[in-house]
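The same subunit A turns up in both complexes below, where it pairs with subunit B and then with subunit C.
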Partner chain A sequence: MPITLSHVSYTYQPGTPYEWHALDDVNLEIPDGEFWGIIGPTGSGKSTLIQHMNGLLKPTQGQVLVDGIDLSARAANLRQVRQKVGLVFQYPEYQLFGETIHEDIAFGPRNMKLPADEVERRVRRAMERVGLDESFRDRSPFGLSGGQARRVALAGVLAMEPRVLILDEPTAGLDPRGREEILSLVGAFPALGMSVVLVSHSMDDVALMADKVLVMHRGKVHMLGTPPELFSRRAELEAIGLGVPAAVQLIDMLRSRGWELPAGAVTIEQAVEAIRKSLRTKAGGGRG
Partner chain B sequence: MNLQAVTIGQYFPGDSYLHRLDPRTKLIAVLLLSVAIFLPRYFPGYLLVALFTMIAVALSRVPVKFILRGLKPIMIFMAITVLFNAFLTPGEPLFQIGRWAITREGLVLSAVAAVRLVLLVVSASLLTLTTSPILLTDGLERLLRPLAPLGVPAHELALMMTIALRFIPTLVEEADRIMRAQEARGADFRSGSLINRAKGLIPVMVPLFVAAFRRADELATAMEARGYRGGTGRTKMKQLAFSGADYRAWAILVLFTVAVVGLRVTGRG
Partner chain C sequence: MDESYIAVNQVSFAYPTADTTAEQIRLALNHVNLAVRPGEFVAVLGMNGSGKSTLARHLNALLLPRDGTVLVDGMDTREEKQLWAIRDRVGMVFQNPDNQIVAAVVEEDVAFGPENQGRPPEEIRQRVAEALAAVGMSHMRERAPHLLSGGQKQRVAIAGALALRPACLVLDEPTAMLDPSGRGEVADVVHRLNRELGMAVVWITHFMEEAALADRVIVMADGQVQLEGPPRTVFNQADQLRAFRLDVPPAVSAAERLRAEGVPLPEGILTLQELVEALCQLRSAT
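== the complex of A and B ==
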């Protein structure tokens, strides 16, 4: 399910005083099976961008292709596209409506007109994946804890068994434990054969999980690269109010104090490894 | 579905003559105008009222396209009114369709009804388009204040209106987001039978109500936390004050009213 955007621009409320050019000539290609992180300041167009990837928003100009299908074409079957490209909105628990958790998670599969036993199977599997046991099945989705409600909402999208999963700031507003739970879930998706697009505010999370990082700024693709490539351009990121992962900050600081460390470590583990290596050669050099 | 097209009650920021008028002037003007719209009997009277409204539109500097968009929701209502008037008014028949006839008197009445409806909606939208919600409610509160001894809860009414105006766009946005989220799960709000479409609204209405209650709760807490105690003894940061522009507007309004009433009384318009 490669997703290609060419020359995509999007304008909110054109022709009114509230007109806003949210996307400006965006060109991208997300190949199958990759994990992409999207970062950018608030209002830079991240949420607008991802809603183009399953046809919820149609580009004012340009073209979006999902698996070769032009989403603006009249003949495009958007329902089919949306079950293959799952989108989890920001604060998805605010969209829960079912009388029971089971009912809510079954909404997507039922809209796909699947037979009842297949719906049942998918709901079970989705609940299992997000770590909700059988006892939740007949409970109301209202009155759960923040982390639990979010996992129910996530299961609602997972139950459609999409090939690409897009998540808009899935950890926003959760406590540290809830964040951990969601992140470890998201981290496991690639192994299930899904491509993942993760919109995030946390450089550390993106550094840890993404193959490619896209930086949005004022509706444009500002930077694009692997985490080591991107986070080596610290000044450019800081110029638009973004930062670098803690590991990069640490390595930079040590280097400025004269440590000899290779660039390219973006996660804590990589930083520890680099420092350990450097200590070893130092010790070795001392003896020799 | 596109909820962004909902413009009723929307404020169109600007700095035109109408924008700068005191909200009380505009409230009274709209009140007068909506009475004036129903006074004329003959063409000159309608012409005067229509001209007055058009000049007001021009003075507001709000694009005509934007104002016409506000008319969209009443189109069906207008079509029904026009049809009923055209067919059900007894008089000299012009065309015959089966056992129904469009009469000459019916056509005239339809035209009159349509013109009145359009003018009414346009003048009311001009008020909200050129007045920020805060000023609007301030103006309303001040106008209602003399009625407080009669038991009219002026402050509470104004507060309710402020909150409603403040939250309409928020709820529209919320509904829009919820609909897109459910569409992402394969919901379809565009096709199917009427019953299916109505059923399809449950996944939108439930979260929307939950959101409305949540917001109401948060707002109540925030107001209490800041020591809100109702209208008594409350002062305003910005005091409303009439300016030269308002006095000129009053003069024009008086002239206009005299002219409309004059035409009607003398049987000329």
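== the complex of A and C ==
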């Protein structure tokens, strides 16, 4: 279910002194089953952009197509689109409200007027996918740990069985293990046929997870490419207040000390592999 | 008296629960001891729910111990008449800058504290100017806070705390909601305050690379201090940290993996710079 944006612009409070062009002629296509990362400084248009992907905002100009449906068309069935494109906001656990975890997760599918047994099946499956066992079912969603509460919120969106999942900073405020848990959950979704769009401030997370990275700056698509392509353009990223993953910093530092290392390592694992190979080559074929 | 500016002695604390029949009350803090020396930079790590924020709130009497004592500059936080003297000495900055800014203009926001203390206008102006200069925000003093970036807002929040001229700043995950440049801005400002003004800092974070820059790292779990020491010592205990749902900074992790691959790196590598030096030495030795 591809998402296509053509010439999309969005202006907050047009015609007032507070007029703000949050998106400016954005063109992109997110194909099926891909994992996209979106990065950009605060105020670059990331949040505005993702709200266009499920019709929460309608473009001031241009067109958004989701699975061929034009979201700005008057007759567009936004309800249906929002079931297909799930959006998980920042700190989603603040939006939990059910008396039990089961109730909270069942809210979406019930709203879709699905039969009771289908609702049940979906709740179970969603809980399974986020790694919450049966014992959580009847507990209150309040008083869970940060990571658990966030998984409940994620399960609530998954229970709608969306085909695209968009997450805005899903790991903010979590401890390192919590971050890892959420990322590995989300990383498994493309293999289940779901596309994932991850908005993140963490270059390391994006380097680890994404097939493609989109860099937003001043409402425009500033850069787009695979993590190795993108993170090889360090100066351009730093010029807009972003950075590169620790692995890229390490490789750059070694290169400036005369090491010959291939480009393209963006995770610590890849950097370690490149360093090990280089050391071995030196030792085996060295000057002697 | 020892040389500590803040002394936490055997402090326990539990949040009130609706369920009064609960057999055992879960202690958010369980006999915690901690000393913060004047001018020291202490980082506090710990998983969600480990008691970090609860501890932070004890340091300026936002919470009072159920057992044990907290002394700030010799004053017991449970003595109500000392409350304002304590809060003048220990400033707090929280995670979300939007929840901490009260005024519609930056300099008015920073003036809020000293105004509340009833200080004369001339002195307030002086303090606000100093505080804004200290965080590098003087040029934005007439701006509306809601139009600032996250990093700038957080610097305004820090200036608000500085206007009371505290001897210690406590920051509870001040960078969690910021983009990379905002994180850098805030960390730079706080390290400069620590270095140049000798301000003691208690910095709570989930970012290991931020903790690596502290003088001392405290690891909390289950309401107790589990590990404590200089970053090099604490981050050398990777397995234990992982057991507490934490991690190690990237350079430590890379060095660990390289050692596992048989690369004979020395122990105790903490920063990327140190890792690069060690690797270059190895390379020239082969």
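Operating definition for what follows: the second predicted complex is superposed on the first by the 286 of 288 C-alpha atoms of A that agree within 3 Å, B and C clash if a C-alpha of one lies under 4 Å from a C-alpha of the other, contacts with A are read in each partner's own complex, and residues count from 1 in each chain.
As a working rule, a contact is a pair of C-beta atoms (placed from the backbone, for glycine too) under 8 Å apart; a residue touches a chain by one contact, two chains touch by 3 or more.
All values derive from a computational prediction rather than experimental measurement.
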item: A:157 touches, of subunit B and subunit C: first, second, both or neither?; value: first
item: Partner chain(s) touched by A:172 [first = subunit B, second = subunit C, both, neither]; value: second
item: Of subunit B and subunit C, the chain that contacts the larger number of subunit A residues; value: C
item: Touched partner set for A:94, first subunit B, second subunit C, both or neither; value: first
item: Contacts of A:276 with subunit B and subunit C, given as first, second, both or neither; value: second
item: Partner chain in contact with A:125 - subunit B first, subunit C second, else both or neither; value: neither
item: Subunit B versus subunit C as contact partner of A:112, first or second or both or neither; value: first
item: Touching partner for A:142 - first (subunit B), second (subunit C), both, neither; value: first
item: Where subunit A meets both subunit C and subunit B, residue numbers; value: none
item: List of subunit A residues in touch with subunit B within their complex; value: 12-13, 15-17, 51, 54, 56, 79, 82-83, 86-87, 89, 92, 94-97, 107-108, 111-112, 142, 156-157, 160
item: Residues of subunit C touching subunit A in the complex; value: 46-50, 95, 149-151, 173, 176-183, 206, 208-209, 242, 245-247, 250-251, 253-254, 257-258, 261, 263, 272-273, 275-276, 279-280, 282-283, 286
item: Subunit B residues touching subunit A - in the complex, by the definition given at the top; value: 4, 7, 12-14, 63, 65-66, 177-178, 180-188, 202-204, 206-207, 210-211
item: Touching residues on subunit A, where the partner in the complex is subunit C; value: 40-43, 145-147, 172-180, 201, 203-204, 241-243, 246-247, 249-250, 253-254, 257, 259, 268-269, 271-272, 275-276, 279, 282-283, 286
